[in-house]
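Next come two complexes built around chain A: one with chain B, the other with chain C.
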Partner chain A sequence: MKRLTLTLCLASTLTTAPLMAASTNSSHNPGTDYRRQWHSDILTGYQSLATQSQTLAKQAEAYCQAPSPEAFEQAKQAWLEAFLAWQKVRFVDFGPVEQDNRAWQFQFWPDPKNLVARKASYLLKDDAPITPEKISESGVAVQGFPMAEYLLYDQAFNNSERALPADHTCKLLAAVTRHIADNGETLAHDWKAFQNNYIGSDQYTDTTIRAAMAGLEILEERRLATPMGLRGNGKRSVYSADAWRSEASLIAADASVQGLNQHFLPAFSKLLKDRGQASLAENIDQQFNEVLANFPELDRPMAPLLADDKAFRSLQNLYIDVTQLTALVNDRAAVELGVVRGFNSSDGD
Partner chain B sequence: MPELTRRSLIKTAFAGSAALTLSGCNILPRKAGSEGPQQYTGAIGLPDGSFAVGATAPDGTMLWKSPVQTRCHSGCNRPGTAEVLFFERRPGWAFYVLNSKTGEKFHRIEAAEGEHFVGHGVFSADGRFLYAPVNRYEPGEGIIAVYDSHMQYQRVDTFELDGTGPHQITLHPDGQTLIVGLGGILTHPDYDRIKLNLDTMEPALVLMDRHSGGVLARFQPSHHQLSTRHVDVAPDGTIYAAYQYQGPAHELPPLVARYRNGRYEEISFGESVHQELGNYIASIVAHPENDLVAIASPVGGTALIFNSRTSAVIEKVAIADCAGVEALAGGDFLVSSGRGKLVRMGKNKPAAEIARMSVRWDHHLV
Partner chain C sequence: MKTMFRLAPLALTIAVLTSAGCANTTSSDSASSEPATKTSVVEHYADVAHAGYEDALITAKALDKATDRLISNPTEANMKAAKEAWLAARVPYQQTEVFRFGNAVVDDWEGQLNAWPLDEGLIDYVQADDYQYELGNAGATANIIESENINVGGETLNVSNLTPELLAGLNEIGGSEANVASGYHAIEFLLWGQDLHGFELGNGERPVSDYATGADCTNGNCNRRGEYLDAVTDLLVSDLEWMVAQWAPGGSDNYRSQLMNADANEGVQKMLFGMGSLSLGELAGERMKVALEANSYEDEHDCFSDNTHNSHYYNGQGIQNVYTGTYRRVDGSLVTGPSLSDLVEQSNPELDARLNAQLDASMKALGVMKAKAESSQNPMPFDMMIAPGNAKGASVVNGAIMALVEQTGSIEKAARQLGLEALSPDDAGHSF
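Take a look at the complex of A and B:
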C-alpha cells in the first residue's frame, strides 16, 4: 500500500480523505507482463540517454579545455548522439520524466518566441558567473538540448564575438551539458525506482499507450505537417521544426520512430495479440517498417527539402507513411482497446 | 474558523423545482433552474480543425455555431439578457460577447496588458458586472478582473487573490460571495502550458466578497498538488470543489470537496471509482432541484452522480472524453463529450444517449 503523506491544512474538520493506491495484487493479470516489458524496454532507452549525456558533458568539457576544430566536431557529434537518445524515449510523458518538468528541461520546444536565443544572450551579456544554481533557476529554455544546440550550431551566434570557445560561452555550455547529464542519470535512476508502482498499477497500461499515441501525433502534426506548410498559414518553414539549427529535424524523427519501435512496440504487439488483434499487430509492425524504410535516406537537413518541390516529395512520402502509422495506432488500435486521446482528455484545464 | 461560517448564508429554497417536476415534461429534456432559453452553449471544435462557440437544444438540435479565432473554453450567460460570453482557452487573450439566440458576435474584449483570461467568468445576479479570473503573468499573480457590461465591458476593478492560477468562478446564491477555484499552478504564456511550480503549489478554494474583493475564506486541499480548478454551489449554499491531481497516476487522492455548515471536507468514492477518474475532474455541477452532484472526467472517460448527503456514488457511466455537465429540469444531468455525444444521466435509470453530433464539445456547457 502506497500512501502520500497527508498534510492536513484545513481550518475545519476533514473527513474521509484516505489516499488510496491502485491494486497491486494481480498475479493473473496479463497487464503486469506488458508493463514489466515496457518498464525494462524504456529503462534501456533511459540508460542510453544517461550514458550519451555523460559523454556529451565530457566532450564539451574536453573541447573547452583544449579547443580545436576536431574537438568541436566531437562535441557536436556527442550532442547529436545524446539528442537522438532523447528522441528515442521522448514519447514517455508520464512517471519520473514529469517530475520537475524534466521532459521540458531536456527539450523546450516549440519555441516560437526564440526564448533559447534570448536567454543565451541574457546569460552571456554580463560576465556574472555561470553556476549550476544559475542554470537551475533560469528555466527550461536554458536547461536542455536546444540551448546546447544553440551554442554549438547557431550560425549567427557562431559568427559573433561570443562564439565558442569564448570563455563565458564555454562555461555556459559546460553547465548546460552537465545539467543534461545529471538529469539523464536521475531519470534512469528514478525510472528504476518507479518499477513497482508502474508494474503494479493497471492504469499505467493505458497511460503508456496514450503516451505513444501522443508521440506519434506530435511527430505527424507538429514535427512534420507544420514545417511542411500543411497546417496554419500554409507556408513551409524549417523554423517550425525542432532541431533546425543542427539540421537534425529528420534524423530526430527517425530516432523517435526507432524509439517507439524498440521501447514501445514489443509489449504493445503482445497486448494486441492477446486481445485477438493479431492481424492489426502485424499491420502496425509492417507500418513501422514502412516509416523506417524512409531512412537513412532521409536523415538529411529538412530545409533543402522544403525549398525544392521535387525534393519535397520524399518528405511527403515520409509524412504519408507516418500518417498511416498514426491512423493504425491512434485510431484503429486505440478504438479496439478503448484507449482514447481526446479533445478534452489531453487538454488539461 | 473561517469568517464565512459565522455569516448567515441565505438559503434559497428549491425555487421552481416543484413546478418543473409537476409539469410532466420529462420526455424532452429541459434545462434546470433557468428562465432563459432552453439551450446549452459550449465551446466546440469542428471537423475541419477550426473552432466555434455553439448552442444546442437539450435534445441535441444544434441551434447555431459562431466561428471564433482560437479554441474557447467556457463562459457564462448574462442574467436578464440574451447575451452569452465565451472565453478563449488559456492563455485566453480575449472573451466574446454573443447573442445567445443567434450566435451573432457583439464584442471581442481583449485582456489587459500583462494579463490573460483562464476560460471562465460569472456575472453579478443583476447581469451588470462580470467577474473574470485572470493570470497576471509576469509576477504570476491570480486576480479577479471586474468588467462593467453597462460601460461596453470597461474594466472597473481588480481583486487580488493572493495566489496563483485561478480557474473557475461562480456566484453564491447569497448574491454577494464569489466562489473561486484557485488551481495553484504557475504558468506563463512564453512557456506554453508548462506547469512551473509543481513543488510549491498552494491551491485553494477561495470565497470573496464581490463588492470589496475581500477574501472571506480560504480552504486548502489535503495535498498541495490537488489543483482546485472547478467549483459549483447548490441553492442551499453548499459549495463543491473538484480537483485535478498533479502527482503520479498510481496515487489516488480525493478529487472532490464540499463546504457546508462551516466544514470543508473531502469526499472519497473508493479505490475502484478513483481508478476510473484518472485524477482529473473537468466539471462539477450540483443539481439545483435535488441533492445530487455530477462530475465528469475526460481522462478517465467516466461521468458519475453522487449523493451530496451520503457521498455515495449512485450512477456511473463510461463516456469517452466526457467533460461538460449541466443540470436538466426534473433532476437529471446532461453530459457532453469531446466526441460529440450528449448523454442524459439520472438516478435509477440507465444513461441515455440523446445525440451524437459532428462537433467536439469542449470542457463546459453553460
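Take a look at the complex of A and C:
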C-alpha cells in the first residue's frame, strides 16, 4: 500500500536552505562539479520527457480527429515512449517535481483499489464537458500516465460502449495527455531555473544519492518483489506491478535502470572515485551492466512470466541482479559516503 | 497489515554514543522524583502501552455487550448504542497505534484487529455498482454471511459455523490483504453498512432489520449476520486480552519483560521510531495525503461510519502520549511518568520545547479537522474534505499533514540528541 513517490520526505525541508556553499566557500568545492553534472544529466532526461509528452498529446489529438487502427497504434506507441521517458527520471524525488505533487500527477501508483477505473467512469458518466480545469481539480489519479493507459489499453473498457474513439472518451484522452504534456514542459523549465539553487547547496549531493537509493529500493521491492510474490502474503499478482494494462511493467523497469545509469551514475562514479572508492565505483558500473543485460530479452509482459514457473526464472534472475545492485549502492556506497537516511514517507504500511 | 521486511532506511540503528553527562544533568521540573533515565523512560512507555491496551479491552468488552444486546433484541436504540460503543472503543485503540511501528509483537498482531482498507463484499452483501474492490482479489465478493461454503481462487472453504477461530483464519484468504474478515472495520461494516454517499454528507445506512428474525429480516441471512457479529466481537475481546498480557508488569515471559531486559537504547529507539513512522509515513502520508491528492474516499480510514477524523485525531494523540509520557485513560485518570521529553530536555531544552510545541500544533490542526467534521451547523467529515474542488477541506487536511511533517523533523533530531543515529545498512533482507 505504500506509494514511495510521496514527496513528504524531510529532504524537502532542505530545499528552503539558502545558497550556501557557492558564496561562502571560496576554495574549490568538488561537490559543485558533481551537482553541475547531475543537473545537466537530469535536465536531458526531463527534456526528453517534455518532448515525448508533447508527441503523445499530438498523437492522441490526431487519432481522435481521424480515428483509424493505425492512428490508434501510433497513439499507444506515443504513450509508451512518453511513459518510458518518465521512468528514466522517476527516481528524482526532490526539487521542482515535488511541487504540486507532480510525481504523483505523472504516475499515481500503486492503485490497488483501481481508482483509475473508478475516476474514469465517474468522469465519463455524465456528459459534462471535460475541461482543463476539470482535469486539474480531479486529483492525481486522473492526471497522468495511468489514466491515459486505462483509456488506451484496458480490455474491459475497450469492449464497452465508452471505448475510444467515443467522443467523450476522446475528449478525456486529449485533456489528460495535454495535462501530461504541460507538466512535462513546466518540469523541464523549472528544473533549469533550479540550477543555481541546486548546484549551490551542498545538501543536494546527499539528496540526489538518496533519491537514487529510493528509486532502486522501489524497483526491487515494489515493482519486482511484490508482484513476484516475494513479499507480504506471497501471492504472485501482476496487478501489483505498474503498467500492467499496457504490459509494460518490465520495459519500464528497464527504462528506470537505464535512467539511473544515464542520469545518475556518471557523476556518482566520479564522486566515488574522488573519495578513493574506485573499485566500488567499478563494481557498481559492472552491476548496472549486469542488470541491463537482462534486457531487451525481458522487455516482455510480466503476467505470463508469473504464471509459469519455468518462465519465472528469468524474472528471478533479473531480481537477483537488481538486489545486488541495490546492495552495492544503498548499503556499501552509502555507508562509505556516510549518506544518512532518516524517516521517510514510506515508513507507513 | 503485513510487515514486509523493513527497508534499509527505516532502521534506526543505535550508534553507541556515550552521553555520560546526560544522566547527571539535573532535570528542572520533575523535581520531586529521580531524573529520568532511558531505563525508567522505557519502563513508563510500557506502562502507557499497558494502560492503552487495557482501555481498548474495557471498551471492546462494552462493545461486545452492546452488540450482544443488538443481536438478541434488534431495535433502533440498541443499534445506536452499539454504534456508540464502537466509536468509544476507537478512542483508546487509535492511541495505541503508535506502538505498532517498532514493536513487532504489535505489528504482527494488529492486522486481525485493524486491517484496512477491506473488501467488504467478502463479509456481506454490497451494492455491486458502487463497490470497488482490490484488483485481482478472488474473495472480494465471496459473501460469507450468505454462504455455507465459499470459493476463493479455486479453494472451497466451509464457513457454516461462524466461530472467532474461523474468522481469524479467513483473514487474507486467497492471498489478498483486502480480505479482512475480523477487527474494528469488519464490525464497523456490520453496524453501518456500505457508505453509498461518495463525497456527499452521510455514512452507511444499514437498517437494524438486517438483524431481525423471521419475516422482518432485511437483505437475507439475518441469523448468520448476527452470528458473525457475535463471533467477530468475541474475537476482538480475546485478541486484546492477549495484548494486554504482553505489556503487563510482573510477567517473566511476556513482551514487556523482553523489552525491559534489552538495552534501554533499543527501547528508546522503538519509541521514536514508532512516533516518526506513524507521524509521517502512515498518518500524514498513507491516511491523509493519498486520500486527499487522489480525492479517494476508498482511502478513507473509517469509511463506513465516517469516523475518520477521530481515527486521525487519536493517532496524533498517541504520538504525543509517547513523547510526554502522559495518557488520559477512558475513566478520566491520568497516567504520567518519566518521558522522552524529560530525557531530551536534560541535554537540549530548546529542542524539547520545540518538539512539544510542534506536537501541540499537530493536535490543534487535527482538532480543527475533528471540529469541522463534528460541527452541528455544517459538518464536513473527512470524505467531504477530500472531495475534488473543496479548497476549504483540502486546506484543513493539508494543515494537519504539514504539522505532522514538521514534528517528524524534530523527532529525528531528538533521536540524534539521544544518541540514536539513523544509519542505513540493514542488509538482513539483502542476503540472497
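One rule holds in what follows: the second predicted complex is superposed on the first by the 313 of 349 C-alpha atoms of A that agree within 3 Å, B and C clash if a C-alpha of one lies under 4 Å from a C-alpha of the other, contacts with A are read in each partner's own complex, and residues count from 1 in each chain.
Throughout what follows, contacts are C-beta pairs under 8 Å (C-beta built on N, C-alpha and C of every residue); 3 or more make two chains touch, one makes a residue touch a chain.
None of the values given here were measured: they were computed from a predicted structure.
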| item | value |
| --- | --- |
| Partner chain in contact with A:334 - chain B first, chain C second, else both or neither | second |
| Partner chain(s) touched by A:69 [first = chain B, second = chain C, both, neither] | neither |
| Which superposed partner A:95 touches (first chain B, second chain C, both, neither) | first |
| Chain B versus chain C as contact partner of A:323, first or second or both or neither | second |
| Chain B versus chain C as contact partner of A:217, first or second or both or neither | second |
| Which superposed partner A:138 touches (first chain B, second chain C, both, neither) | second |
| Touching partner for A:233 - first (chain B), second (chain C), both, neither | second |
| Which of chain B and chain C A:276 touches, first, second, both or neither | neither |
| Residues of chain A that lie at the interface with chain B and also at the interface with chain C | 2, 6, 8, 10, 13, 101, 104, 108, 113, 115, 139-141, 340, 342-345, 347-349 |
| Chain B contact footprint on chain A (complex, rising order) | 2, 4, 6-23, 94-95, 98-101, 104, 108, 110, 113, 115, 139-141, 197-198, 200-204, 207, 338, 340, 342-345, 347-349 |
| Touching residues on chain C, where the partner in the complex is chain A | 1-5, 7-10, 100-101, 107, 117, 132-136, 172, 174-178, 276-287, 289-290, 293-296, 298-299, 388-389, 401, 405, 408-409, 411-412, 421-425, 427, 430, 432 |
| Residue numbers on chain A that touch chain C, as the complex places them | 1-3, 6, 8, 10, 13, 101, 104, 108, 111-115, 117-118, 137-141, 213-214, 217, 221, 226, 229, 231-235, 237-239, 320, 323-324, 326-327, 330-331, 334-335, 339-349 |
| Interface residues, chain B side, partner chain A - complex | 1-2, 5, 45, 73, 89-90, 119, 167, 190-196, 198-199, 219-220, 222-224, 229, 244, 247-254, 262-268, 270-271, 274-275, 278, 280, 282, 298-299, 301, 311, 320-323, 337-339, 360-363 |
